[in-house]
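These notes open a run of structures that come right after.
The same subunit A turns up in both complexes below, where it pairs with subunit B and then with subunit C.
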Partner chain A sequence: MKIDRRCFLSLGIGAAAGITLSPLPWKITDDLSIWTQNWPWTPVPPDGKTINKKSACQLCPGGCGIAVRRIDKRVVKIEGLKGHPVNDGGLCTLGLSAAQLLYSPFRIQAPVKKVNGKWRKISWDDALATITTKMTELREEGKAHTVAGIIGGERGTVSMLWQRLFKAYGSPNLMRNTSMEDAYSLVLQKTQGNRVLPGFDFENADFVLSFGSGLIDGWGSPVRMFRALGDMKNRQAKFVQVEPRLSNTAAKADQWLPIIPGTEALLALGLIHVILSESLYQVRFVEQHCEGFDNFKKMVLETYPPEQVAKATGIKVETIKELGREFARAKNPLAVCGRGQGLTPGSFQETAAVHVLNALTGNLGEKGGVLAMPAGPEYEEWPEVEPDDVAAEALQQKRLDGAGGDEFPDAGDLPTRLAQVINTGKGDGIQLLFISGANPVYTLPDTKAVQKALAAIPFKVSFATHMDESAEMADLILPNHCFLERYEDVPVAAGLTSPIVNLAVPVVKPMYNTKHVGDSIIAIAQALGDEIADAFSWENYKTCLKETLGDEKWEKLTEEGYWVDEEFKPVPWKEGFKSAATKFIFPDPARLNHPPVSASGDAKQFPLTLIACDSMRLAGGAVGSPPFLIKITPDSVLLKEDLVVEINPATAADLGLKEGAQAVLATPKGSGRVRVHLDHGIRPGLVAMARGLGHGAHDKYLAGKGLNTNAFIGPVDDPDSGYDAAWGISASLAKA
Partner chain B sequence: MSTADDNEREVHGQETDADGGGHDSGTTVREGGGFVLLFFIIGFAASLVVGWLIFPNLLYSQKKQPFDFNHALHMGEVDNGCESCHFFREDGTYSGVPKLAQCVACHEDVQGDTQDETIFVEKYVSKKREVPWRVYSRQPDCVFFSHAAHVKMAKMDCVTCHGHIGESTSLPVYEENRLTGYSRDIEGHHLENLLCLKKNTADRMKMDDCAECHLEKTGRKTSVQTEKDGCFVCHK
Partner chain C sequence: MKQEQEKPKKFGMVIDLDKCTGCGACMVACMAENNVPFKENETNKLDSITWMRVYKLTNNKPFPMTEVCYLPRPCQHCEGLHTGHSPCVSVCPATATDYDMETGIVSQIYTRCFGCRYCMGACPYHARYFNWWDPVWPEGMEKMLSPNVSPRMRGVVEKCSFCFHRYQAAKDKAFYKETRAIAEDDYQTACTQACPAGAITFGDLDNKDHAVYKKKQDPNAFRLLERLGTNTKVYYLSRKEWVRKAGDNYLPGEGLQKPRRIHE
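After this line comes the complex of A and B, so read on.
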């Protein structure tokens, strides 16, 4: 007997048979498959208690209510607040991704001061003391008016606190960001007698004529507009879009008129011509409730016959006539303007012409028309500020931006003029600039000029939450809480038809060593002492907010998240207007009878025209797009790091450019490398560029991607109001 | 295998030729036959031992809980049975293992003189640290399980799935599958569980067990492939 190889083979076979009859291979196979479904390195969010909080979105003026879901202390989801009068459960992509802003690694985590070009953490006491010392010194030197501020919005308690601080301290130079609401509000003041805001009753209109407004691209209150437009389709209301490019909005319209950009005012006046010459207007309105009609009519009939308008706008005479008739004959027609998202105010001429178009059909204050909405929310009044002698004297100084001055008496704020004023050395130089709720270095047109102007200001204080472009240029940052960490009232206008106030509440405790900007303002004022401190007697911002809202509103707001003025009723035109003569005053013909604001730049050197376009996939304002938005931005807008501009294939053929080709885009304000995307949906001769890219700061998901429209397009002062009326700029595009 | 055997025979054939046919090659085969069988049996038996006894023990690591817990003792103190501590929140979600906040009402200070109590109070309560309990019944993240659906709607009682843990005076050792990270309570402790046999519902809680019960109780065969309840009932 011998132990040979066969024995070992047999051993192996036996072992194999035994193993097969044991659980080992089957269990391992099963476990391996389970293991692949539960890889230990896949992050699994911790489980916990679900908490839902009602709050308000503050990322755009839209005024949506939000429902924030938390698991224990962590925000995991933001949804639209069900039953909210603006968005009723809906939300836009920016609002949906707001949690990424809360947890962004680029939050400013503590007050910091720039020392030799580097940020150094300091204490809140030191930060506030630095400011008050500076402010006290300037006041003692009689330079109170050289303290300036750029802030985000006009309404709401934070903005009211800023205004109060500037009044008590004695500087007229507090500037708000402007938008189409400013142009509208001016037109309403001139024609209807009070500085109100427009409300647009899309829900009841049966014919909507939009002059370039991106109704589903973020204009007005974006989520409300999605619904309103969808609802219009169901009601079979007609919608006509006048826009040089086939935007998302234009694509959804029943009729798209690809107009030559910048001539929208002329088209509106041409339509008015049709309505006047064919007597299609509301006779009773004109006869009983108007002033200045005859002069206006004469001017329009002489200057804007459809034939002339057709030549300038590129829209056929017949189309103009038909559109004019159809609009006037509709039961509830509504015309709106404000290009794209309405971030640029636009010219008085254009806004006034569109408003008159509405007025002539008799839709003012009526169902489906333009309503006069209160300019601010009804709050408990604060005691009047009594500026001391120093402040009273400083307040006599002219505003640096020229708003309310001899040249532009009608304008409220002109931040777009600031860079130009500072760079040309006019006026006393600003010594101290506050930036709160705004990112002027990114959002103001002509970036280079703005950077130069800001660099010339010796001390800049930012109240930013994230390290944005303006915060980077600041000398001191007093970081505000993120909007999900703070109380704040959010009065909404945005073209809605009822006055609404939302309340943002801290859905999570502040994550870092930040401070509510309202508390910072109160602390600064109290440290300045005397009359200034007296004007700020609140213990903190929360008490100020509570007192200002009053018990009833506060209770309703903390419970429901929003407050609607149930008693508000629009005043129909039949009940008269607020002007001295209680009539509708037709705009001064001279203010409308001139060529529209044109794109600046030498036509030979820059034969094309660059326009900016807005989209819901990118945040174009002071808030930088969170990573989620960059993910959903298509390759036809941003290809890796490259900005993609849109041109017509005919333009591309002229320039010898193919789809995806690299090119150099240049305008009188700047130049940069881009790629081109060919699209038949844009007028030949135009170059379209998406707004919201080209950030220099923020996180790595946003910084360095694409180019900023503001680096290419400069501001154009509207000759009538001073508001920025730029709609584009001359440009050139050449093969790279 | 047959190839190997053929080779074997060829080799022997050559040997025979070389020796001039003096030996009977058949004898060699017969002589080795006993060993071959023996070795087969050894291999067979050894691998059965490995597969049935050693492997299951190797597969699981034994982990201790941070400290021991006496369910029976607590059951005597509360009025509402399991739900006194493992309750449903107002919104219908299930609270699971109690958080520290629930315990501190009684355990702010050391109660009694067990060492476990001291560990609890000193290491966790006073430091406000949550106890990192190992959960025997934790399903992986790819499974959506709703206690409300089972307890409130299907009116199942806790014992059906969790066994008689509520009557236990100390916590069992937590055995963790080294490959999957599952608790052994999910996979079953006994050999018959490995053989896909089980006596009680609580003995094993793998996917097939869920599916079996779902089929029995609901009769739904929404999944065409498995003829059982749909995948998305649990895998959302």
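After this line comes the complex of A and C, so read on.
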């Protein structure tokens, strides 16, 4: 048969019609759609019994209660604990992502020792024995004081155990991380007579003046601050933010005063000038409850007239005068300081000036004012440690960081000075360093110097939960349980107005071969024997914790998760102060009458100023951001692997930089490639850089992204206290 | 026993932008609640799946008159001018997305979706996201997946569901307790609960006893792109006029228009 054109076409059309009418195309489409969605590797989460557990968050000092939702043995969600006095159901981004830290592949799963640069698993007995042998050797050589420690916090039983171990063993070199609380505490001691912590009664204030504090960027207890500021909006209380950059806090303020960075102390003194010269202060307070007022007044009136302050701060004379009047005339005014999240203590001058501003309006101990808070609720006392002769002698040695020494007699801890001391070869070198609840390699300023200093220490022991930068540099790691797996008391200060302690409980059994750091300390002490062992008579950390809290608190804590000291009452100024004269002592004028701490660096080579900025979307401290936080980081902060710095369009025009352009950022401490983002909400001449990026360790979601602010900004010792008072550094930005 | 038809509900949100701090807690709470995956690089925000996304608005004025406002954007659950006439529902060829008359929630059925992405084109709010890749959780982290929400596969569209599984759980609870009616507290979305500033309120927009009923009538309330007639169920509050104006496309010189109130 001959196939002609007509036949070919009819056959073709016939076949097409036939296939279309048959079930074949439909079957294929159906199968295809099923097949395309049939991916066996898409997980199907197993169902199970829902269990809710109460615990406490330990990722920042904020002290939130958490409600952990479990499906059988799996933690699926962490939420804020309803009814908790701090956060009442709310929770921050980091707390909400905490399950990602529990299940992180970067958990340290067993004790490990570094052998030829590689990690090798060892047994717990071997790990503890390595430490005790080393410690015993050093003690026998009379070098007990060369054992040092860097720990996360001052309060709570774990920190108390560390202090006890160092005292019994005989080393003065236990350092804890410092924050604005340290600067405040010192000012309270100097003015009011006791080294307490500040409480800020935002809930009752009707005028809040913040000197750069990121009140909703993670300052104090973050969730409490969110709630307090939301409530202030309802009450129509006024809120003024003094900050060089339009941070989230400044954006939410009723008034934003873009000050020249580093001159906040001058503005506070200028406001004091207005209040003094116009006699707007609380007369009874000044006349009956103060000492040194006249000298102080004389100094301020002579040195800080608004006209001069305006020149230095970049804020108009009229604005300063109005602000001073408005502040003094408000019923319950409140001024606070501590830049950003308050991670850097700040200068004595600044904190003292802000505190005096509060004092003059008569708000100390009053509703809506600054309260003197105890460092946590009272615990059952431990028997006093009696250091043996070796320890007693070693404790006479001076601290390596200079705290409490001739130069800085007022400081408690100065970890930011450690790198400098070690690198310049002063003092006896540290032979053994403990790192617990801290990540100094990431969080201490001037990363390069810190790395160099740590490299010079022959033996470093880390108690980290995750493989962070400091753990990577260690020689031995004794991994702690993740905070969701362990018991721990969490006394909260963070500017709250009543003493609160939370209890963290294990919401899941420890997943790996880890050990509670409290148990590790007790084991080390007991192995050291004699008087040291006697000071640690507890069977384990849990019994220690239970005994320390006492039955009544323990019961309440295990049931509700928190305990509030209902009996605490702030002492109003009318009832006097704790100083020897029971009066408020105005700070020595000489300590306030000097130019503020300046940014270091040559102005010609580095014409710009770099400042670090904190945000709730990135964890800037010892804990690295989990993947959820990196996901919500805006592309104006992180673009692919590049850190994005913020500059004013005017600055960008001067430098010839366009939005998204690549540039090289350099400071006296370091340099790196960045991209630029133009934003009107920043003072011209400044470069803002987000804190919390540039991790070298952790998982692939975090490591290698952006740059670490601490690698660019070095510490500046406050001449008065020794605390780190750096607020920025001079910098240059050039087209790449 | 007298059988009564339950009154249909209209779940919606009122978000106070004056209180929103842009912290992002709502975004994280949403991701943790709904098994939203994450990739190694999430800086391309066009393919970064965020059912709830917080936008940064600015008044575009030079320093120092600059102002900033944050705007959280969940799915707006459009009702359209006729009930159920949402932009996405109207175009879906697979009936993978539907308007629920009982709750007013726009659903998304992943197994029905075949990934044509018409709905993404139709949605004026960029509330819908496409799974360009399979979700991958790092080893061990699948442990934190919730069994209440199914993880999605490559090739489907997903979006905010107003935590519909929580509504189902609340209904089950009400049935078990024989109360029938769901209390306001029993059904709240994850973002509402997580917001530390208390900026988000969630409830039945038609129920006089719910907080949202009163709040949506605030003179400063507005909705996004209201003039499109999408008739959304997410209201925003702001005292600042430039923020209210940013909610819609205004011509230069055009004054702020009083919103049409379709829900009353």
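The working rule: the second predicted complex is superposed on the first by the 694 of 736 C-alpha atoms of A that agree within 3 Å, B and C clash if a C-alpha of one lies under 4 Å from a C-alpha of the other, contacts with A are read in each partner's own complex, and residues count from 1 in each chain.
One rule holds in what follows: contacts are C-beta pairs under 8 Å (C-beta built on N, C-alpha and C of every residue); 3 or more make two chains touch, one makes a residue touch a chain.
In this text, all values refer to a predicted model and were calculated from it rather than measured experimentally.
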Inset, instruction - Check the contacts made with subunit A and report whether subunit B or subunit C touches more of its residues. - result: C
Inset, instruction - Check whether A:35 is in contact with subunit B, with subunit C, with both or with neither, and answer first, second, both or neither. - result: first
Inset, instruction - Using the superposition on chain A described above, determine whether A:477 touches subunit B (first), subunit C (second), both, or neither. - result: neither
Legend entry - Which of subunit B and subunit C A:47 touches, first, second, both or neither: both
Legend entry - Which of subunit B and subunit C A:6 touches, first, second, both or neither: first
Legend entry - Touched partner set for A:87, first subunit B, second subunit C, both or neither: second
Inset, instruction - With the two complexes superposed on chain A, say which partner A:608 touches: subunit B (first), subunit C (second), both, or neither. - result: neither
Inset, instruction - May I ask you to decide whether A:21 touches subunit B, subunit C, both, or neither, giving the answer as first, second, both or neither? - result: first
Inset, instruction - Please work out whether A:632 is in contact with subunit B alone, subunit C alone, both, or neither, and reply first, second, both or neither. - result: second
Inset, instruction - Once the two structures are superposed, pull the subunit A residues common to the subunit B and subunit C interfaces. - result: 37, 42, 44, 47
Legend entry - subunit B residues within the subunit A interface of the complex: 1, 4, 8, 28, 31-32, 34-48, 50-52, 55-56, 59, 89, 91, 93, 95-96, 140-142, 177, 179-182, 194-195
Legend entry - In the complex, subunit A residues that touch subunit C: 33, 36-37, 39, 41-48, 71, 74-80, 87, 89-93, 96-97, 99-100, 102-105, 216, 222-223, 226-227, 229-230, 233, 246, 248, 251-252, 256, 258, 616-617, 627-636, 638-640, 648-650, 679-684, 699-701
Legend entry - subunit C - residues contacting subunit A, complex: 18-19, 21-25, 27-29, 31-33, 35, 38, 40-45, 48, 50, 54, 56, 58, 60-64, 66-70, 111, 114-115, 134-135, 137-147, 150-156, 193-199
Legend entry - Residues on subunit A engaged by subunit B in the complex (per definition of touch): 1-19, 21-24, 27-28, 31-32, 34-35, 37-38, 40, 42, 44, 47, 49-50, 52
